[in-house]
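So, here's a batch of structures to check.
What follows is a pair of complexes built around subunit A, which joins subunit B in one and subunit C in the other.
Moving on to the complex of A and B:
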């Protein structure tokens, strides 16, 4: 299931990348001139293609299954969901059961989903994509921002202005680049409704990785990861995992470039 | 643009509006009819939505060019005025421009000016992302990156202080009596000042949140570690001297102590010379005060400062007053007497006088007449029909 879903999500991105020569969200690349395709010679095109295609040939190129195990998830209390009354109907397939009215999330499924989500994130980071971490939980906002800063990616744990994704050229200026992946460390906002970003990302064709608790709606999220989003231990685990994945992917990219003898500046979308 | 014999639609439209859409129409009549359609485009399509464009944006090269031109122009101006171009300051520029281009206009902004482009063009943010499109700042996608960075940093510092406190508690060295940051004589940055600092607009709510967070940081006992950070967001209040400036006593040739004071009320100004003889004679503009102020109320006003301090018969006054009417003259003299008396009194008595309102100049003046009304307040007679 994982490879199939993963290639589906990555295909569109790959096409866009190859077409533009850079990671650039197609419809919003208002001034394509700003992100020019440099005249690459045939051999360096081959090398770049090889760099980009090599990770796609293996199921777990970045060896992310080493990063966590089911026991780690259990110790971080990822399996604890909300009470039966808060349960979302669409989360029922992901639940193992309920104990004294508290829902227990099936960690076997979580492991699979988390594996594929981390793999996808790693590939996006490898190709120099813009990753945006979103969470509207005030308890963990600072942690998420620190995580994003450490990875060299972006975070948004504040009030979400309506036109952020859908009205970006007006809000930021023409030629802005939208995120290539949005990671929701909590898909709910402060009033327990689905975060606007989930719907907007789906509108703008931006793939999402979302941590869905038992009271969340997983339908619009590309890579849902059923798990607990309320416990500090669980959140720290996730942040650590994402940070390690992204750093690993970027380091791998640098390594590959050095191996193939290409300079990092100018030819490749910064890693 | 070839304007041949007959006026074609194209050339007419070219003259009317700045549209360069169809050069084909600017040709002979024959070709006009054969080759091109007559395009009738209304002006609505060419109108620009100026409001949606926002404030005018200037590119980096434009500003740089302006700076170069300004510097060259400054040197030319210095040469014109016969000054040394190296040491030509902004003040010199202003004076030279005022001399060369004398303007009778009242509005300062309408007068010709020559200032450095950084002061003329509004500060703008440079492009926020690099060549590959990746934004430079990790909070770029929030929309208010400077403000949220500030909040993030403040919170980080608060956490660091709390961690420090916890460590001290663990070692058993935690005490409540630590050096506190002194906040006396300073105020928080205003919302406008903060906006200026961040080069970004913030809302009232955001500003309130920021102040709340800073107060929370200051509530921690060990916050003095972050004193520099906090002081960056505070401004010193101007120290207003609450004391009256008391003139020292002067002595004339006979050894009699005297002091002067002046006061104003409405349009009347008065000065008083107070002498510490035990006579108690009062003369105003050369005449006796009873003759000058026939009205009892005016004489009461004159006497009140002395009566209040209980020194009625002690001083000898020589007053001069001009302007206003009798009441305002009396008020002016009262203030003048109170100010002159300060030199003779102790600090406690000065404070008593201040609290009695004797030292406060009366700010009331005649209210202006408004158009559409008979006077300042009186309206014209209202007629129902």
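Moving on to the complex of A and C:
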């Protein structure tokens, strides 16, 4: 009796979903068509496709592994974590151990995570994506803003309004473009709670790169990088690395476009 | 344990002459672990450098550790992931770092550098995760400028405490140290 009722209910739901699927793909298709530009010539679209797909074929197209080494991270005190009492349960896999109550972050894992995070950032920058640097640490606010300015991207180091990402069309006008990547140089705000942006970016399907210290929650961050976010030396290292990555990716894109003979004024938005 | 290791190594290399009692002990060890019936077979297989059958117990652990050591010696010369200057492992870098060699931070003398000054508060960085904040001393107060090197006596590397009803510790994001005095160097550069 109960299973029969249940299956009937599911069938009804399935039918409704199929009908709804058709109806909601309509407006989606319409908006996609509105965003697409006029149909380009076939050979230039092929060239553009080639430019966009070539970096995806190699694991380290931008050669980011030569930007940093384990020794650089060690000298910048990236492996130092908070005290044992401040530790977040989900950070335990990333910890090497605990020395006299101070957590030590495993730099072997950090190297891998940082490599993949920088690689992802480079690919986003190559495709002309909007990158937003977020950090609520007042000590490094200026550093983050200068970093963003130097690589031609954006930074938000002030108070985060509740609907910044989730209510953007109403707060900033219709048709506003949201960031394609958000880089959190500290995932906590000043009250040691997680930054609202981490949750909001996950809600809006925006990938995030986040520097997670031993008291942070890495679960919602797409590319967590376990490391110290309290020492100026470590923050300067990260900012320098992100800046170099983004600049390298953008230079590579300009170089590819010049090589293929496309005279684009700026970076064309990724398809 | 050390004697057993020596006997086993002798068996593996097959060079040293061992007493009959050792053979019986080893045979019994391997035969109980592997479940082989014939004694000769067990002795012969333990003498082979790379055994065909899977070893278990102590023999397996010994083999694994010697392999690891050989592999480590081999890969020590090859280029590691990253760059050529990254030869040491993280564990060895950590073990030889001053922070670990120092031990507990209580009452240790360190040298710090002032990186920020707000009126009478000196923000001093001494190489740990956090900086410490000390009051400008009355003696030679004007000599403490940005870039001055000072001597500190550490109390704590991070001021944390768990309050009632809290899940995690509350941290001040600061270390605690007692300012002893300036380093006697005449070239105290001021940082912009």
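In this text, the second predicted complex is superposed on the first by the 231 of 271 C-alpha atoms of A that agree within 3 Å, B and C clash if a C-alpha of one lies under 4 Å from a C-alpha of the other, contacts with A are read in each partner's own complex, and residues count from 1 in each chain.
The definition used in the following text is that contacts are C-beta pairs under 8 Å (C-beta built on N, C-alpha and C of every residue); 3 or more make two chains touch, one makes a residue touch a chain.
Note that the structure is predicted; figures quoted are calculated from it, not measured.
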item: First, second, both or neither for A:111, with subunit B first and subunit C second; value: second
item: First (subunit B), second (subunit C), both or neither touched by A:155; value: first
item: Touching partner for A:79 - first (subunit B), second (subunit C), both, neither; value: second
item: Contacts of A:176 with subunit B and subunit C, given as first, second, both or neither; value: first
item: Which of subunit B and subunit C A:65 touches, first, second, both or neither; value: second
item: Touched partner set for A:196, first subunit B, second subunit C, both or neither; value: neither
item: Contacts of A:102 with subunit B and subunit C, given as first, second, both or neither; value: second
item: For the subunit C and subunit A complex, residues of the former touching the latter; value: 81-83, 85-86, 88-91, 93-94, 97, 99-100, 103-105, 115, 125, 127-130, 157-158, 160, 162, 168-171, 173
item: Subunit A residues within the subunit B interface of the complex; value: 22-24, 34-35, 128, 130, 132, 142, 145, 148-149, 152-156, 158, 161, 164, 171-173, 175-177, 179, 269-270
item: Residues on subunit A engaged by subunit C in the complex (per definition of touch); value: 65-66, 68-71, 74, 77, 79-83, 85-88, 96, 99-100, 102, 104, 106-108, 111, 192, 215, 228, 230-232
item: Touching residues (chain side subunit B, partner subunit A) in the complex; value: 127-135, 138-144, 148, 152, 155-156, 159
